[in-house]
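Single-structure report; data block below.
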Amino acid sequence: MKKTTSETRLYRAEMNEKILNSGFNDFKKFFALDNKAYIDGALPAKTKELMGLVASMVLRCNDCIFYHIDRSIQEGATKEELLETFNIALIVGGSIVIPHLRYAFEMMERVFEEGESLSSGSSSGSSSSFSGEN
Amino acid sequence: MKKTTSETRLYRAEMNEKILNSGFNDFKKFFALDNKAYIDGALPAKTKELMGLVASMVLRCNDCIFYHIDRSIQEGATKEELLETFNIALIVGGSIVIPHLRYAFEMMERVFEEGESLSSGSSSGSSSSFSGEN
Amino acid sequence: MKKTTSETRLYRAEMNEKILNSGFNDFKKFFALDNKAYIDGALPAKTKELMGLVASMVLRCNDCIFYHIDRSIQEGATKEELLETFNIALIVGGSIVIPHLRYAFEMMERVFEEGESLSSGSSSGSSSSFSGEN
Amino acid sequence: MKKTTSETRLYRAEMNEKILNSGFNDFKKFFALDNKAYIDGALPAKTKELMGLVASMVLRCNDCIFYHIDRSIQEGATKEELLETFNIALIVGGSIVIPHLRYAFEMMERVFEEGESLSSGSSSGSSSSFSGEN
Amino acid sequence: MKKTTSETRLYRAEMNEKILNSGFNDFKKFFALDNKAYIDGALPAKTKELMGLVASMVLRCNDCIFYHIDRSIQEGATKEELLETFNIALIVGGSIVIPHLRYAFEMMERVFEEGESLSSGSSSGSSSSFSGEN
Amino acid sequence: MKKTTSETRLYRAEMNEKILNSGFNDFKKFFALDNKAYIDGALPAKTKELMGLVASMVLRCNDCIFYHIDRSIQEGATKEELLETFNIALIVGGSIVIPHLRYAFEMMERVFEEGESLSSGSSSGSSSSFSGEN
């Protein structure tokens, strides 16, 4: 009954589209600032996505956790790096984070599995249509 | 009237000492896990301290913010890296983070100034006695 | 798979009924204070419901968000007023609020659509049975 | 569509198993500290589980709420004790806790019903396989 | 030993100045969005400042509470409107808000007293130099 | 520069007095419900105060922490019981709770010292004038 990774991505993309086309332009400006916070700079994008992941875990937001796991893996984060990131979130945020650690662990495994089945399959690259909004 | 950086470090060190010597040993185990979460691994210590800083800012804990600014600068974080880290915290956490951004900005400047006066002065290296507890 | 607005309202009404009839009377007193906080006073009920909505969004509680959207629209809030309210919540609470902004946006659209189909249909007025508990 | 109490327990047990076998050993150390925090000491286990329940309710984590209701009932907590605990959480945490009060109330009833059907039935004692991790 | 209202305003203005002149331009963009969220629109500025106040109280940020009390009084909020706003925050956020209710109450009284001494005195209008940043 | 325990108690008592006499009567009703949540019932007052302490620590409110330490010691809580309570809060809430653990530890020591100097001195019993408001 749990949503698949693609359903999660699709719902986010569709609702973001509605919000950005609502005619209320300051939503667009905030979303643009949000995207820009994670691009390569003095710190690389991968590090920033992992920072976003820590923040999402200690604030306990599953949608945000999925998004930053997805993005950090796209930027090349390894399982070891993700586990160390999960651990920082667990230590800072305490046992209240554990249900979100379970979710993060499950999503990490799913996204890595998708990547394997993609790379062992055709060159379709569905991730190129990834919307980039939080 | 605001505490100096050394007063802040001293109070933390003294109280941690009392807590760790209280006879309640699971405090020690938690503090050990906490320290270990930030050492070099798949991710370098500097990155981990900056992650701890993002978490501290979005959870809005000034003592924790000071600690991770102090530690990340010890690990070589630059002003540019700190500003990008502050920005991620501001975007994730919103305007409620702004008072903590002001605090973080002020502490960053103070710690960099201390470093300059230390390196331009004698080889005293008071940071070598740094306790390492959160 | 997502609950309909009427399922959400029904579950809340049924569980509140059980809680209020549990024999623990201080729950009743708290619920009464809660209801009273939003009635017309120096500030009108609509403004207070929108305040409850901002609080629910920055504290990231979807059930509470739905409730205050439902109530504020009953009190006459327009789409423009709701979007400005969403924006304050987004700016105060940051990108961690975005998943709840998506939820709020979707619920706002559903409640307005219900209202249209009701007003274009018969005079049934199912909202008259609305329980009023949070 | 809501998960049964046994599905909730099963998912937690399975994911905890994966996390504890991930090769990242500090997760194990944290989980061990977590378990140890609730065993009989100067304060009895029942009291500690109820404390964990209050903390879970004010921090608004349904998975944690279910876990501590389940555990505190295993330790002998009565309905009256649970209602007084819920009330402290409601007063400390405010109306934002109400959706979690509804959840807690429903789970309390389900766990008591399970206990009754177990004790009126065979001596199977499925709770003996209870994993104990948060 | 508690900071006066003018010291609080001054520190905020000075630190915001430093942050906005740090060369990191996205801080400026966020601060601009923040300011814009509270100007007259479908909802009047006074209502929006009171919404910012509710959000600040339930998120328990004293600096933010002071700022929005100050601004909402500038926009014409009365004591009755402020007390009703405080009450919504207390009910939504619970007893954990009480220390911030004490702070809010004290600041409200101070800002009203300042206003009286200003209006009974010369026409100096020091509030015209108010910076407007959060 | 840190406030003494009696200054903290005095400020709370004075401000609560102002709030309760503000003419806004629902504050009184909420404060009454708050007080009532901690009186002897199915669970003893001491246990309830320790529950209030756990909640205050994971929500990271120093004023609330001091209040519940003060009250739980009046109700007979021992140092061992307090340390176990602190530990539950630390494990549930994580390292972000550590600054509040330091505060809690310091206040616990101060309140026990006061008690000793009182009991070794005259029979004055200043605690009998304790206001009882949160």
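Order as written gives the chain letters A, B, C, D, E and F; numbering starts at 1 within each chain.
The working rule: a contact is a pair of C-beta atoms (placed from the backbone, for glycine too) under 8 Å apart; a residue touches a chain by one contact, two chains touch by 3 or more.
Since this is a predicted model, take the numbers as computed values, not measurements.
Student: Would you mind naming the chains that touch chain A and likewise touch chain F?
Tutor: Touches both chain A and chain F: B, C, D, E.
Student: Where centres are the averaged C-alpha coordinates, which chain has the largest centre distance to chain B?
Tutor: C
Student: Compute the centre of every chain as the mean of its C-alpha atoms, then state which one is farthest from the centre of chain D.
Tutor: E
Student: So which of B-D, A-F or D-F is the twin of C-E, meaning more than half of its contact pairs are the same residue numbers?
Tutor: D-F
Student: Quick check: superposing chain A onto chain D on C-alpha atoms, how many degrees is the rotation, to the nearest 5?
Tutor: 120
Student: Taking each chain's centre as the mean of its CA atoms, how far is chain B from chain F in angstrom?
Tutor: Here the centre of chain F sits 29 Å away from the centre of chain B.
Student: Which whole number of Å gives the spacing of the CA centres of chain B and chain C?
Tutor: That pair's centroid distance is 41 Å.
Student: Could you pull out the residues of chain B that touch at least 2 other chains?
Tutor: Within chain B, the residues that touch at least two other chains are 1, 26, 30, 33-34, 37, 55-56, 58-59, 83-84, 87, 90-93, 95-96.
Student: Chain touch graph shape: choose line, ring, star, complete or other and state it.
Tutor: Chain contacts: complete, every pair touches.
Student: Mind listing the chain E positions that touch chain C in their complex?
Tutor: These residues of chain E touch chain C: 33-34, 37-38, 41-43, 47-48, 50-52, 54-56, 58-59, 78, 80-81, 83-85, 87-89, 91-93.
Student: Where on chain A is chain F touching in the complex?
Tutor: Spelled out, the residues of chain A in touch with chain F are 58, 90-97.
Student: Would you mind writing out the residues of chain A in touch with chain E in their complex?
Tutor: Residues 26, 29-30, 33, 36-37 of chain A touch chain E in their complex.
Student: Okay, in this complex, where on chain D does chain C touch?
Tutor: 1, 60, 83-84, 86-87, 90-91, 95-96, 98-99, 101-102, 105-106, 109
Student: Enumerate the contact residues on chain A facing chain C in the complex.
Tutor: That would be residues 1, 11-12, 15-16, 18-19, 22, 24, 26-27, 30, 34, 55-56, 59, 61, 63-64, 134 of chain A.
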